[in-house]
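Letters A, B and C mark the chains as written, and numbering starts fresh at 1 in each.
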Amino acid sequence: METNIIPRKGGFNFDNYKRNLFLEQKGLTLPKVTKTGTTIVGALFKDGVVLGADTRATGGSIVQDKDIIKISYIAPNIYCCGAGTAADTLFTTALISSQLELHRLTTGRQSRFNSAETMLKQLLFRHQGHIGAALILGGYDINGPVLAHIYPHGSSEHHPYITMGSGSLAAVSVLETRWTKNLERQDAIDMVKDAVEAGIFNDLGSGSNVNLVVIEKNKTESLREYSKPTPHHPKNCDYKYKRGTTAILKESIKDLVVVTDGEAMDIS
Amino acid sequence: MNFVPTALEFDTYGQNGQNGGVPTSLYFDPYDNNGGTALGLSGEDYSIVASDTRQSSGFDIYSRCDQKATKLTENSVLALGGFRADGRSLTKRIIQRMEWYRHAHEKEMSFRAISQLLSVTLYSRRFFPYYAFSLLGGLDENGKGVVCSFDSVGSYHDEPSCVVGSGSALMQSFVDNQIAFHNQQVNNEPISLEKAIRIVKDSFDGVAERDIYTGDSLDIFIITRDGVTTEQYPLRKD
Amino acid sequence: MNFDNNNNNNNFYESVGNVTKQTTRPIVTGTSIIGFKYRDGIMIAADNLASYGSLARFKSVERIFPVGEFTCIAGSGDLSDFQYIKHLLESLMIKENYIDDGHVLTAPHIHEYLTQILYGRRSKLNPLWNSLIIGGFHDGEGYLGYADLLGTAHKSSTIATGLGTQLMHPLLRKSVEGRENEVTEEEAIEIVNDCMRVSYYRDARSLNKFQRAKITAKGFEITEPYSVDVVWHE
């Protein structure tokens, strides 16, 4: 017997991906996404976690933005550094943070690091690497300080110190020589700062300033521009243009109000 | 049998034109782009050649102190962007030809002669080009400042201000406006050497902000009737 | 076995399906090397591993050799090409010695010579697949040069090749740049050890067995292979 019922496919739908591949083969060029070179770093210390990031966004060999924020809010006790496709890191973290906010409102409890990690990795796994977000997730919950990295394909791992992005090798050289168990808070901050600076100076995809977030028990401190290692030169010349610099090709003045002589107003 | 093919023999379209004439990938790419920007300005009685000292490849900085400009004579300076090995080789070749000229004619080559020599040298490698963007600054036979820019196969022209290398697209419009007074009606008094140097520094500060391949330090060569002097200026290192 | 399948007589090419490849590609390779200036001269380091793809094939290969009294060459990349370069330099030194005119080839000469050899081969599209560090002592100060398979060359106070450009160069720059005349020999050895440790941690083609060379006013000195202490965190 013939039937019109099409059995429902299980799982996630990748029809659009197939369509896009087909269109690309036919000559369609898809819009280029901003993929930023990045140095992001995270490290555990005695009783907390430090996250650090540079602030350069690149498009090809051009610096698109000199001061972007790469550490995003997930929950009051959880933050996330993002590398890879700028829009993907932005939207995945925003999506998960809003879901966690609703969950907190429902349960009245602090968000768990594991919830954030699982939600992020399941979202990324569902999309099979098409969401290009490489993340370092750091937080402090009832289990103490935790640090994990999550790859675009959805794998995650816990480590005491992590770097990602194009400057990760430069940054890891600092962490491998300086990280020890039970670092003091300030030592950890200095080490993460130096690791990000190693990326800033040695990796062309990373640059400008260092942003840090320190997460401890019941306390999260955001240190914007903790270090500005590249001072800006004052200008050597004055670039004010003289009046008349711009050519006037034509001048015409139109009277919008026509004034005509009329009778005097009656003010009696 | 020839074991070592020259560039012309090298079959980039698969063996014996097989593979439907579709270009196949070569395992070894003889070229690289090492970045860097060079700027040349010319005034009535001076000319300036400035280039940054960063040498890079991909996202790596190879050197922070690589001189891309070379003084050729008392009135000409050559700066090169693009592939550093080709630039080096080209500079060596030009210097050697200049020495032969000196021995043959007992005088230095003039600025115009050097620019013509550079052009034909570049064209001699038309089908395996020097991937080098050259900029030659100096004084002509009347002592007037001239700057010439060359493409990689020898086409050249002189302009009051020109930029070659990775930051050229960013810098060219700025110097066109500030040096050649493009789109300016009332401002066209000749720029003093001192002011020109300040504009050069600002141009590089600006490009180092936005071009990742430009930075570290700036070499400024100032060419006047009295010869060539140099100046250094620090740039961003990130 | 039929060896006549490949009807192309030019054995410079190797045919794999429809893709034309050159025979030149690195087979047995050495990983990153480093070099830097310090107070007394130049310090160079290279590990003793020769890899065959991902196989750690030979574990006691010396990748630093002297040329004359005041120059040492360290090489990464293809080891057969490196040994060929070593052979070239040995022949060159014999010729120089034979002429016996009192002229001595110093580090800048050797750097220039190697750069020209490498650039010449890249221009024939038949490169010597190496990145080299040339360390020497010349005119009362250290000389440190770099040359690679493309003929790209430069001088710098710190040099690293291969993965070392990303892993070790940041450490070198931080500890050496701006204080080349302050770094003592003890500190320089510490810097080498720190760099080679990081390389061993993160470069899968490296080995914790390496040699160090110093080139000073007194000449060169190459250490026996040695190791550093390592700690694997979690």
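Criterion: a contact is a pair of C-beta atoms (placed from the backbone, for glycine too) under 8 Å apart; a residue touches a chain by one contact, two chains touch by 3 or more.
Note that the structure is predicted; figures quoted are calculated from it, not measured.
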item: Arrangement of touching chains [line / ring / star / complete / other]; value: complete
item: Higher-contact pair (C-beta pairs counted), A-C versus B-C; value: B-C
item: Greatest separation from subunit B - chain, by CA centre; value: A
item: Whole-Å gap between the CA centroids of subunit A and subunit B; value: 37
item: Approximate Å spacing (C-alpha centroids) for the pair subunit A, subunit C; value: 39
item: Separation of mean Cα positions, subunit C and subunit B [Å, integer]; value: 30
item: In subunit C, residues with contacts to at least two other chains; value: 166, 169
item: Of all residues in subunit B, the ones touching two or more other chains; value: 60
item: For subunit A, residues contacting two or more additional chains; value: 201-203
item: Subunit A to subunit C touching residues, read off their complex; value: 159-161, 169-170, 172-174, 176-177, 179, 181, 194, 198, 201-203
item: Partner subunit B, residues of subunit C touching it in the complex; value: 8-13, 15, 18-22, 24-25, 115, 119, 122-127, 146, 150-156, 165-166, 169, 177
item: Subunit A partner contacts - residues on subunit C that touch it in the complex; value: 163, 166-171, 173-174, 194, 197-198, 201-202, 233-234
item: Subunit B to subunit A touching residues, read off their complex; value: 35, 56, 58-61, 166, 170, 178, 183-187, 195, 198-199, 201-202, 205, 209-213, 236-238
item: Touch list for subunit B against partner subunit C, complex; value: 1-7, 10-11, 14-16, 18-19, 24-28, 30-32, 34, 55, 57, 60, 62-66, 83-85, 88-89, 128
